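Taking it in order: structure first as structure tokens, then the write-up.
Letters A, B and C mark the chains as written, and numbering starts fresh at 1 in each.
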Amino acid sequence: MRLGIGSFELDVDLKVEPGEVVAVLGPNGAGKTSILRGLAGLLPLDVGRVALDGVVLEEPVASVFVPSERRPIGMVFQDYLLFPHLTVVDNIAFGLRSRGTPRPAATTTARQWLERVGLAAEAERKPGSLSGGQAQRVALARALATNPALLLLDEPMAALDASTRVELRRDLRRHLESFRGVRLLVTHDPVEAMAMADRLVILEHGRVLQSGTPAEVTQRPRSRYVADLVGVNLFRGRASSNVITIAGGGSLMATGASDGEVFAVVHPRTVALYRTRPDGTPRNVWEGRAVDLDFEGDRVRVRLEGTPAIVAEVTPAAVRELSLDRGDPVWVAVKATEINVYPA
Amino acid sequence: MALPAHKAAGVRPAAPVALLVLAGIGAAFFLIPLIGLVLRTPWTAIWDQLRSPEVLTALRLSLLASLSATAIALVVGVPLAWTLARLTFPGRAVLRAVTVLPMVLPPVVGGVALLLAFGRRGLLGGWLATTFGVHLPFTTAGAILAETFVAMPFLVITVEAGLRSMDSRFEDAARTLGASRWTVLWRVTLPLVRPSLVAGAVLCWARALGEFGATITFAGNFPGRTQTMPLAVYLALETNPDAAIVLSLVLLAVSLAVLIGLRDRWLGSS
Amino acid sequence: MRWRAVVALVVLALSSACGTSPPASSSSSALNGTITVFAASSLTSAYTAIAKDFQQAYPGSMVKFSFGGSSTLVAQIQQGAIGDVLASADQPNMQKAVDSGLVAGSPSIFAHNRLEIVVAAGNPKHIATLSDLAHSGLVVVLCAPVVPCGRYAIEALQKAGVSVNPASQETDVKAVVSKVALGEADAGIVYVTDVKAAGASVQGVDIPPGVNVVADYPVAVLKDSQNVPLAKAFISYLLGAGQPTLHRYGFAGP
């Protein structure tokens, strides 16, 4: 689907198979919420198609547009948006009552859902008096109460503090697993994405950069964003007989590289630093300059300028021994066998 | 680290003396006329006055007219406020300006405008008379119309502000749950702006209660039919000052009660 | 240097202003200054014209007016409004002022007025007498009973044995005229002078002397006047040189 908001354009092709939880991961501003709003019918498409279980919900060229209230969806919003003037049980029953279920039946179902999320005692409270974790569970129950075919979650953990997050992540995973419809969640938190998702979709600037299982995506990052997430060095270039010419300058020698456009991943801990030009087996040796030193407990991340630029991970002892300081020239060495290359 | 109780309670910004003096003058400006009214009230005669037919008639008519005007304002004004707040269309700024106009127009001018529109020779008045036999000038309905004209803007403005400041994403949430547009309006939007609705309705009612210029110009003055309290006060001043003072006191008490009751909504966020 | 010049100019201006206005409550040889006249609305056009002539006759004098329903004016003076002369459209209101101790000396009648039925130009409803006003289909407006013209109208209607249901009781006579002129009312009872003053938009229907009422217009100097000589001079003018003007506007002499 493609849609535009102001100057921002979203152009994605998403397919969610039944039974899988898909997480759209991307930095803020990538367009994640727009995808959800587009699927929910809150944001009309410019071009494209939204179809659920074979039923077309929206297709501008065919003038098809099913309004939000008639789409079989349930949505959990980032700040939950629980109706402040209704009690918890009325909030959960809202969807059912709006769709025509009479009050007593709706309330009964709502109470059942409250039990399921462990909040039966809070039935008559107002959302304002709930904790973050409780509100999230109510929001989930509210979205699920109408038995939607598609469940959309917008940064479900974002509004929670770190400690509640861990516990609730488990709960949410459990609830998602017991839900039988299509599940799509968006988040900027990679940990959340990895924990919940069967499949990851990486979104940046309105475009899908990569899609695959969490393992696939992290082992073979295809974007700076993922590389940074995972904490590795990512290069893109053209390989020819195991020599990769890097876009942006420099070259690396690797092993087992197929010719053509490739990505090359170098883990920072495999990067060695020397004060003088080393004379040894590493095939990739070049001079750089240390521009930043990040002390993280028992590790130091050294960011190096050079051709190419790279990040190295060494011990604090090593930094002391080398008397390495910001701005110092330093020699970088990477073994060809330590470079992971795959087609772009 | 809580402050010791006496300190926490007594902390307040230091105010320059000149500011306090000016504020005192400002307060006196409002208080002195009201105190004068209360002091000059013929307290011994007040019950007799309150029960005299002219006073009771004017009171009853005023209540009927002002409440009717408020009811009309709610039925017509809330949709108008919703339109101004939620929809974008060419000429919206003009529509909003026109809606606010009666607030800044001298009421008598409003009365003249009403005559030109609904008077016997007015734009719609003639047609209303011949087609429906509806005459508005010199009738209670005319008084209600005049009051609605000057008071409705208060309702519209207040409700529009409330709608704008409300998080419209609640409406999105309701729609994803399957609520039709009407359901969203009735069960989500209006309950969420209830403070503004109440404040707007009360302001509208208070303004309608006190209306004089438009009423006397458009509806005229006739006891029991169009002589509302403000008109009765005006005329009573010349013949029966005691009645005038009592009527004024009643109006004052009502307005004060309304404003004190609304205090938090008016000054705080809705 | 420039500041001093400005100050000097200001001082000069102030002293010259002080020089021309007469000291309060002491008689001066020259009749000048300003007086404020409270006058019934029905006197509006006539008095405005007379004031012009008066100001020409007494150079340096100025007449300011406050027109309104006589009862309103008296109420205002009772509440402390400051003026020099009161001209009322009936005796009772003037008497109220006298009883309240607001009047210096005794009032004099300076003119008479009569009532007339005012109708739209062309008399589309064919109103000929007071009894026509009782027709149920007509919209009739009168002055409120507390206003002189309202009182007079009730008197005249009583004399004619006619009972009218007015659509409205206006607070002053000019409002009655304008309602008829605007077409909102079919008829009203006002003074002949008002019909004359209103011009082409209305016309009058005569009320025969048998049932008509003669309105006596008294005038008096107010006790709180700041310029008694000029006030007295104005009243003398009304009773003398101003009479032709009054006649021109439809009033009858004292």
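Methods note: contacts are C-beta pairs under 8 Å (C-beta built on N, C-alpha and C of every residue); 3 or more make two chains touch, one makes a residue touch a chain.
This structure is a prediction, so every number in the text was calculated from the model and none was measured.
When you average the Cα atoms of each chain and compare centres, the chain farthest from chain A turns out to be C. Distances from each chain's CA mean to the overall CA mean are smallest for chain B.
Our note on geometry: chain B versus chain C, Cα centroid distance of 36 Å, whole angstroms.
Rounded to a whole number, the gap between the C-alpha centres of chain A and chain C is 86 angstrom.
Chain A and chain B, compared by their mean Cα positions, are separated by 54 Å.
The touching residues of chain B, counted against chain A in their complex, run 167, 169-170, 172-181, 183, 187-188, 191-192, 194.
Here chain A touches chain B in the complex through residues 37, 40-42, 67-71, 73-75, 77, 81, 83-85, 94-95, 98-99, 142-143, 146, going by the rule given at the top. Residue ranges on chain C touching chain B, taken from their complex, read 69, 71-72, 74-75, 139, 141, 144, 146, 166-171, 179, 182-185. Looking at the complex, you find that chain B touches chain C at residues 115, 119-121, 137-138, 216, 219-223, 226, 234-235, 237-239.
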